[in-house]
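Every chain is named by a letter (A, B and C) in the order it is written, and numbering of its residues begins at 1.
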Amino acid sequence: MPYKLSELAKRVGGEVSGPDVLVEGINSLELASEKEISFVESGRFLEAALRSKAGALIVPPALAEKLPGKALLVVPQVRAAVAKIAWLFYETPKHPRGVSNLAFVAEGAEVHPEASVYPFVYVGKGAKIAAGVVLYPGVYVGEEAEIGENAIVYPNAVIYPKTRIAPRVIIHAGAVIGSDGFGYAQEGERHLKIPHLGRVEIGEEAEIGANTTIDRATFGSTSIGPGTKLDNLIQVAHNVRLGRACVLAAQVGITGSVEIEDFVMIGGQAGINKPVRRGAMVAAKAGVAKEVPPGQAVAGAPAMEISRWRRCVAAYERLPEMIKELRELRAKVAALEEALNERKKDHGS
Amino acid sequence: MPYKLSELAKRVGGEVSGPDVLVEGINSLELASEKEISFVESGRFLEAALRSKAGALIVPPALAEKLPGKALLVVPQVRAAVAKIAWLFYETPKHPRGVSNLAFVAEGAEVHPEASVYPFVYVGKGAKIAAGVVLYPGVYVGEEAEIGENAIVYPNAVIYPKTRIAPRVIIHAGAVIGSDGFGYAQEGERHLKIPHLGRVEIGEEAEIGANTTIDRATFGSTSIGPGTKLDNLIQVAHNVRLGRACVLAAQVGITGSVEIEDFVMIGGQAGINKPVRRGAMVAAKAGVAKEVPPGQAVAGAPAMEISRWRRCVAAYERLPEMIKELRELRAKVAALEEALNERKKDHGS
Amino acid sequence: MPYKLSELAKRVGGEVSGPDVLVEGINSLELASEKEISFVESGRFLEAALRSKAGALIVPPALAEKLPGKALLVVPQVRAAVAKIAWLFYETPKHPRGVSNLAFVAEGAEVHPEASVYPFVYVGKGAKIAAGVVLYPGVYVGEEAEIGENAIVYPNAVIYPKTRIAPRVIIHAGAVIGSDGFGYAQEGERHLKIPHLGRVEIGEEAEIGANTTIDRATFGSTSIGPGTKLDNLIQVAHNVRLGRACVLAAQVGITGSVEIEDFVMIGGQAGINKPVRRGAMVAAKAGVAKEVPPGQAVAGAPAMEISRWRRCVAAYERLPEMIKELRELRAKVAALEEALNERKKDHGS
């Protein structure tokens, strides 16, 4: 369905500059056709914008006058406008309501008639599936697990028993929620398995990436706060508490019982072994081995404050030269010592 | 089912101190109710123990007299006692015996009548499923694979053909056992795939975490020793030999054909490229690029002996200051050289 | 089926030296029986070759005369010959053609009659499955996805809608192709999800490892070039472009929109945040934070040219000694300064 640029402007809170064209889709600067709108996040993309065939452009105020003659949608926040407009052109898949006759729902499970349960889904005893939920093919929902309104669980994701999933959560394919925590008690040479009696709780609008794993708590809950976004292949161990609106990139690992507060951002492949406080930022590949204070950015393994880390890295890269300098200095100092000794002898005698 | 504290004491080999209360469950210090037992692993938790509502506490001898008036279960090893008592309160899921009529078992596969095969399980030709085995929904068991007594395979795990799984092994959801090793022969610009004719063998009581992958051998076997525990998202490449009673944390990666001997512990996200000998310990995020001797602890990437690594890290963190010092020394030495030259001139003339 | 050594020689372009024995299989030096052929990649394995019971050996010309009396197959490239001969002895699984009556194929999907669709497979509306394709149990193929001739998709792999998979691609168990990219727009404290309107395209003969995840593009395509091999548990983010004949080891992570050109090799657990040019090599655990020029080998995090990295690592390992030397130099320089001052006083007065 096409939209007039002025209508898009109304929907995202922006203003039109130039012709009020008709827009039939959204695309990147490189791929957009004359019928599509594209976007210019910053001056860095100005050249690509001038080359683009896009029929209209979403731009920040600062770039509006640098694109004369173009049909522009001027907005304060380009990225948010892109998200909202892309949803307008997103073809929401139509899910058949009800339970497929190729699915298995155990007696005593409650599946809301407005939920969509695809073939080869298994729903265990006592599980509750709310209205609007989509369980894609191959999803497993264990006994007494609960999935809130309009949550989407993609194919072959596994929800272990007793997990609580809040409304509008998205769980991508292959994610495993609620597997046993990795806890053992050593007795002689044997590792006794500690049963994990707790559960996992995931807050509203959280999103869990493909093949990410979240272990259940030993006691109590492993919890993911509302609005928190986890990328693919992340490991969240037992009893971790992740706050709200955090963003974790792919392949991050979090050790058991660690607390991560609200609004934390973590880069890919980082490992978190200690608490990360509110609003802190952990760089990709960092290894957090001591608590990160609120709002601080850290990097490196072991992680340290990021500007200090940058200086350490710069010094590290100069190490071969430092060694050479050290050697030269040693030689000079030895020469000086000798010279002084010579002098002493001259004078002393 | 509730237990008297004295009965728990008998079962775990401990002694009661204080009232012989009735215990209905086990929980953490924070969450335990008056009807539950909790535990105090060390003095670090003493304050939390004093605040806890728990009706009884599992404690080591050293802490017994610091908790006067409390109902105590005094044991030499708290963690082992916790594991054993938690199992008493763990509600073992009841699995229907037999093959679900929504499962597929190929002709010529042997499924013991005492095994539990859930809906949407696929068992290939020639596979053998022993008594007490649980195959959760969506599990795939390839041709001629064998799964020993009482092994549990969680939903959507994949067991490739010819894999051998010993009794009492636990395989968590989404784990992939026996996929092709990553082996190619370069011919010009092409990578010729080398077929993997070997298999994977997993020893008794081993546990394999969610979404962990273990590749089959090129020839022979990739093997996981008895009692070895693998956390989630671990990669074990073709022909790796992992000994017994090893413990590997999440996201560890092991290169093809590497041997890891018995009783090795490996921290999360470590990468192992060379043999690790008996009883050695590899820290999280380490990169093992040379053999680790028996019993040694290593850290860092490339990994080195851990106390040396600590000194290197401490020095690394001081690098910016070292550079400054080096600069100052250079200036001082230059000044000294000049002063000495001046003097020489004074004297020499 | 057994082959005469001379026939194997014909098939792989080699020459027989010694008796023209009959060969019934291929195996490693340690495991091969008298009826099997094995291989000696280099002089390093000469001793094992002399101990081996193998009835024949594949060897490079340089080793031929070091194994007198043995039945030898002399070839220029041992590894390529091993790959080709192993395929001769590989028992190709026989897949029943057609759609299992326990699978689900949506109306309007096209499944070629020569394809094999196992139980519990789901094929969505508008999907196209070509001749010779094997969809193992539990595979999900989303709407309008296309899978080319003779591609193999192993159990429980998930192909999201609109994905394009070229002929002869292999996708291992649990891999997820086409999940949403990890893209959000921040608005106040909320992360607005950006819908991902693009797709994933995988080129001919590419191979995707178990539990690897490849995200769909925001717009356009995330693409994997022909002949490129991805190991297990790799993360490929949205809009990444991977060239042809690349080889990526397990647990590598690639950030969104990064380009990796043809013939690139990447070691395990590396993280790639910037473009990697044609033929470059990235070592295991490296963190690529700036562009890697064509043909260059890099290592370390942040990554640098590999010989420089080796020198930095060597220096790093000497840091504790450097600190000591620096301290000693400081003391010596202070002593020199004092001595010179003393002298000055002596002379000056």
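Operating definition for what follows: contacts are C-beta pairs under 8 Å (C-beta built on N, C-alpha and C of every residue); 3 or more make two chains touch, one makes a residue touch a chain.
These numbers were taken from a predicted model, which means no experiment stands behind them.
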Exercise for the section: Taking all residue numbers used at the chain B/chain C interface, answer same if over half belong to both copies and different if under half do. Expected result: different
Completion exercise
Superposing the Cα trace of chain A on that of its twin chain C calls for a rotation in degrees, to the nearest 5, of 120
Fill in the blank from the handout: Chain centres from averaged Cα atoms put chain B and chain C apart, in whole Å, by 25
Handout entry: Two or more partner chains touched - positions in chain B
Key = 120, 138, 156, 174, 211, 233, 251, 269, 316, 319, 322, 326, 329, 333, 336, 340, 343
Handout entry: Of chain C, residues touching chain A in the complex
Key = 104, 120, 122, 138, 140, 143, 156, 158, 160-161, 174, 176, 179-180, 182, 184-187, 189-195, 197, 211, 213, 215, 218-220, 233, 235, 237, 251, 253, 255, 269, 271, 273, 287, 301-302, 304, 308, 311-312, 315-316, 318-319, 322, 325-326, 329, 332-333, 336, 339-340, 343
Practice task
Report the residues of chain B in contact with chain A in the complex, numbered from low to high.
Solution key: 26-28, 30-31, 77, 79-80, 82-84, 86-87, 89-90, 93, 100, 102, 118-120, 136-138, 154-156, 170, 172-174, 207, 209-211, 227, 229, 231-233, 245, 247, 249-251, 263, 268-269, 284-285, 313, 316-317, 319-320, 322-323, 326, 329-330, 333, 336-337, 340, 343
